[in-house]
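These are the structures in question, set out in turn.
Common to both upcoming complexes is chain A, partnered first by chain B, then by chain C.
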Partner chain A sequence: MASITKAPKGSSGTARANAGPAGGPGHRPPARTRPRPPLRRIAVPWLFLAPVLALFGVFKFWPTIWGMYLSFFEVRPYLGNRWTGWDNFTAAFHDDLLRSALWHTVIDAGATVVASALLGFGLALLLEGPARHVRLLRTAAFLPVVTAMVAVAELWSTLLFPGEYGSLNSLLGHLGLGPMPFLSDPDSSLASVMLVQVWKSAPYDMVIFVAGLAGIDRQLYEAAALDGAGAWQRLRHVTIPALSPVTTIVLTLGLIRGLRVFTEIYVLTGGGPAGSTESIVTYVYKEGIQNNDLGTASAVSTVLFLVTVLLTCLTLWWRNRKEAA
Partner chain B sequence: MSVPTTALGLRMPNRRWLRGGVRVLLYALVVLVFVVPLWTMVATVFSGVPLKLGQVALLPRHFTFGNLRTAFHFGVGRGLANSAIVTGVGLFLQVTVSAFAAYALARKKFRGRALVMLAVLATMMMPEEVIAIPLYLVLGKVPDPLGGGDLLNSYSGLILPVVGWALPIYVLTGFMKTIPVELEESARVDGAGDLVIFFRVILPLCRPALGTSAVFGFLMIWDQYLLPLLVAQSPDMHTLTLVVTSLSASQEQGVGVRMAASLMLMVPSVVVYLLLQRLFERGLLTGSLKG
Partner chain C sequence: MGDHGRLGRAQRTAAVAAALATALLGSAACGDDSGGGGRASGPLKVWVRGADDSATAYRKVFAGFTARTGVKVDLFMTLTDFETKLNAAAAAHDLPDVVINDAAQLGAMKKQGIITEVDKSSITGRDKVGAVAWKSVQDIEGRTYGVPFSAQANVLLVRTDWLKKVGMPAPKTWDDLENVARAFTTRDPDGNGKNDTYGLAVPGSTQRGYIAWNWSSFLFEAGGDFLKPTGSGAYTSAVASPEAVEAADFYKGLFCEDKAVQPGALNHVTNDSNKAFQTGVAGMYLTGPYAYAVSDATEVKGKYTAVAPPAGPQGGAALAEGTSIYSMAGSKRAADFKKFAEYMISAKAQTTGMTGVKAATIVRLPVNQDVDTASTRAGDPRWKVAQQVYDDNAHYEPVNVPDWQAYRTAAAEALNKLVSGCGDSKKALSALDGRFRELLGKQGIAG
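So, the complex of A and B:
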């Protein structure tokens, strides 16, 4: 598709090159004599951008704007949409299922992001450095990150099978710990989902932290050591401050991503049991696709979008301020 | 005389063997937690021993291809083919249009450039999860460029929405900015136009960034779940991710068969990662640090 759009431009591009300051063997006068750039020069960047902008327009901006628009309507196929103002929003946020979904999502996003960052940091301390065996271990530990979420969820739904025959439960049994219900009990289901998420994302954080650790000046450690700082003090006063920009990025991006959690929950529990793992996006999907209530689903999506934008802007603003300082 | 330090700056202890022992123990724990679960998937698929629901094998005893064969019988082959088509075509288009866009953003000065950068940034806040419902409606309105109806239940519907992606645009723009202007100028003096410069000068130099973009694009498209869930309505359009979940939902198949489908989903990503690890880790850092 892209090459077709570009094809006719080839000849014009070649001609345009002669307008460059070097002049060359062209049949046009050098560009210097004409201060206004020719139309071609204006068009070239836009032609290169055209495919991406068209795709973004159709598959990103149009749905986003249409979703905001639909938020204010009762969507009725064949009958025409009916304007209802803020009704979709008020109805959705009075729905107990959505309220608990919001709560689960915030807990899930917050706790998994912090837990993976902590575990990732620990792994990074353990597995940093260029030594061969450590690199090998890092590669091995990273495998969950590249494995598709659906496969991960499928694997863990078997490993976390309730009852004493479940894989993890029989392992726990050897350690003298009782069988856990994991995903099958409303009290432990969300924690079990979070366990799987941390398992998949902690090695990702590890790699980020390993890169961060590698960037710390060794002399700082040696200076601290000569000043008599112990291992803990060096960690506290050299390593952690040096990693704080990276940590902030890991936490904020993880949190923003966490708010739209869908696949792992949908595959592991489908939002159950008894709605105990329902997240914002699983709620939207069920309302929109299964219950066919497109207005309510759009309203909730719109709020999620606006929160995402707000958090992203805050992150960028904060980062710019840091860089300026 | 400097104190011997590890990278973190922990001083080598006197009781080195004790520290060493703890370290090895922690290494073993890392392997147990992150590798053994994935290994049990492999072992379960090739194990001929019947397993109860929720049980996995630790070793592939009574080695068999039976589970794989059954899984292919129940749609894994079709899913694999669909995923391969979608990923292959989608990745090619994604890298191509991203490189085109990056060329304009990195090498051209033009009015509206900042606005385009803002638009690219904005798309990062519009993933499928956030726009699922209206995206579904849009897919029902846009005609399939390959003919025949709208984008729902079509390959175009599975492919086109993932082609435009901010990450490869960022990776490629960043990389193209580092290419010296002199190379481009000397080609221009020789009479080369933008397309010639793009294909003959810039793209060959971008090979590492193209590789990074391709690795990420592969994983992004291969792992798609929500988009196929919205688009692929008939089973013959199901990608492998959908086949995996519908196989397990049917509850008729044993653990081995279900794991076989998951294994087929996992193996290509792992192979790509292991082969192109260096490209991958470089992209990971640009992706996460630049937003």
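So, the complex of A and C:
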């Protein structure tokens, strides 16, 4: 979170935070033609990074590699794993439940990413600025992000109680609508889960957009105003283009978040009713922990990991190409 | 992720080297286990799947064991990530000496090779334990892989004040159940003038297979079953039988026609359905007798009774479950395990387990037939009902097949889908039948 909120100039902050010390322009490796720098200069940043890298190594990289390795085994912790080749992958992709989970995840990720970005952008436009009351409002709007997801989901499941006397349904009742089934009907459950996700992630996007807005050169607005551009034209021709790197970040982060959606769904519906909100990660959880098939769970996770990497690389490639153009 | 495309080659090499180095360090640190498993002396390491006050209750029982045998017990207890922790211990070949876990885990643990066979004939006091309880610790070939510690069968909790309001007796048959459920739903039994009550609280989620667990009593009452043994350790699917279809149709009717189940039930786990019963949303609840202590801590205390699950077309039946003691692979404490098991099934340990801690009845119904449930429970008639239901109608799920949970999850998914779409029971169950056959084939026990 810190790296996001402290990133006044759009994308570089986040990218740098993840890419290590060499990401910043000041520390770019020198061109090959120049003499190599002394070893010490290369070693020092890595030494500083070593503790974090060691932690990441033990708790992130190693489990990832190990999980990929387990994808090819029938996992038997005590008796020893048994090599099964591609069987776990084949079995998983022949499972109708995973196929529908994949479909739900794509819908969920796509729709929530776009909706949160739009809403976050709207909020950012409304709540940008240094004034005290705006800061207060911004903090209030940001609260859903810092609240624990499990608590939020429990609260929403009470609000969305499907009976006539549920909180939201009583409100709808006053308007002559409802009662709506929300989470309890396969036709409305995915939409209801997505509503909660958007509520939770839009303020996160808002903060990134606010940071992006603060970084736009004021002179551009003044110049546009002098040329007779109205508010809408300034938004369209100055603000939105200037925010494009920030938008890429918002969409990339949102997509990653969307593809691995779990907590919201697990707490709100557990993947039901009738599997209508099953996502890839709830499927993985079911296979691995409940059905005791860690091999299949690892295989599906590996595929999800590769797809996420691929999508992220594609987004970055697209951004770089756009920037170069 | 990040702009890795811009990293220089040297950095990339260094990053990979660093990652590999830490990875190797990590694996070396975890990997230098001697692989020997348990210790030959010191306290007996016992892991229990449970939470909260249960730890106190188990400690009380273990204190009696230590006093009698001089063997100290080292207790470790967790609920949510028990299987994960057990897997980690198995991978490190450092399992505890004893595990106390659900009877339904037998097949899964045996398949993983982490439990060992128990020589039943060597256990003193084995004849005090009933045949049904012993059967719950047998594998599909009839070998004993554990010692039963506690048993239970589901009962039906019914709101007595609501029954009075609608002028009906507690249900005895499926028809009664449906009538009472309808009355509770439509005739405002709580008298608040609002149409906000329902007949039956159901944990209908697919998580952990809840809906299949809840439905199984109905299945058994209709004369059906999930799997049927064909002899010599093989099984065939029985879930598409006419009896199963009848049970599914009746169950579906409660949701789809009578609309007598609490709203949102199909996403609910037991925590939610407990709440529905305890807060007066639903007036009946088919659950285990452990719910007495939980419900008595809420506002429904004194306003409900427990009766046998209503009889179906083939008479009475109730889902039975239990807690068992397993001897773990690699343990060097066979003699102490024998002493431990003998103590745990003794009348003294069973009585302590029932009454030692009021909020945690770690022994629900005693497996030792010398222990009288009603008198031990100070004459609480609800426990007498629970004991009677177990004695007359206990019906276990086929927990001894390898990975019973996989069948339970599959059944839960099929039922949840059937009920939520108010679909065709026969079609849904024949699809489930196919899935069961697939699982049987995969596990090599198709008959």
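A few notes on this one:
Note that the second predicted complex is superposed on the first by the 248 of 325 C-alpha atoms of A that agree within 3 Å, B and C clash if a C-alpha of one lies under 4 Å from a C-alpha of the other, contacts with A are read in each partner's own complex, and residues count from 1 in each chain.
Quick note on the criterion: a residue touches a chain if its C-beta (ideal position, glycine included) is under 8 Å from a C-beta of that chain, and two chains touch if they have at least 3 such contacts.
Fair warning: this is a prediction, and the values are worked out from it, not measured in the lab.
When the two structures are aligned on the shared chain, A:Ala211 is found in touch with chain B, with no touch to chain C.
With both structures placed on the common chain, the touch criterion links A:Leu316 to chain B and to chain C. Of the two partner chains, chain C is the only one touched by A:Pro77; chain B is not. When the two structures are aligned on the shared chain, A:Ser100 is found in touch with neither chain B nor chain C. In the superposed pair of complexes, A:Ile289 makes contact with chain B and with chain C alike. Shared-chain residue A:Thr247: touches no atom of chain B or chain C.
Contacts of A:Leu155 after superposition: chain B is touched, whereas chain C is not reached.
Shared-chain residue A:Gly271: touches chain C; no touch with chain B. Touch criterion not met for A:Ser188: it reaches neither chain B nor chain C. In the three-chain superposition model, chain A touches both chain B and chain C at residues 14-18, 20, 22, 42, 46, 49, 53, 56, 58, 61-62, 157, 161-163, 165-166, 289, 294, 309, 312, 316.
Chain contact summary for the complex, chain A toward chain B: residues 1-3, 6, 9-18, 20, 22, 24-26, 42, 44-46, 48-49, 51-53, 55-56, 58-64, 66-67, 70, 123, 125-129, 133, 137, 139-144, 146-151, 154-159, 161-163, 165-167, 170, 199, 203-204, 207-208, 211, 213-214, 218, 220-222, 224-226, 231, 234-235, 238-239, 246, 249-250, 253, 260-263, 266-267, 281, 284-285, 288-289, 294, 297-298, 301, 304-305, 308-309, 312, 315-316. Looking at the complex, you find that chain A touches chain C at residues 14-20, 22-23, 29, 42, 46, 49-50, 53-54, 56-58, 61-62, 65, 76-79, 97, 157, 161-166, 181, 183-186, 189, 252, 256, 268-276, 286, 289-294, 309, 312, 316, 320.
The part of chain B that touches chain A in the complex is made up of residues 2-3, 5-11, 23, 26-27, 30-31, 33-35, 37-38, 40-41, 52-56, 93, 96-98, 100-101, 103-105, 108, 110-111, 113, 116, 119-120, 122-127, 129-138, 142, 145, 160-161, 163-164, 169, 185, 188-189, 191-196, 198, 219, 222-223, 225-226, 229-230, 241, 244-245, 248, 255, 258-259, 261-263, 265-266, 269-270, 272-274, 277, 280-281, 284-285, 288-289, 291. By the touch criterion stated above, chain C contacts chain A in their complex at residues 1-8, 10-11, 14-15, 18-19, 21-23, 25-27, 83-84, 87-88, 90-91, 93, 95, 108, 112-114, 194-196, 204-209, 263-267, 269, 329, 403, 405-406, 409, 413, 416-417, 420-421.
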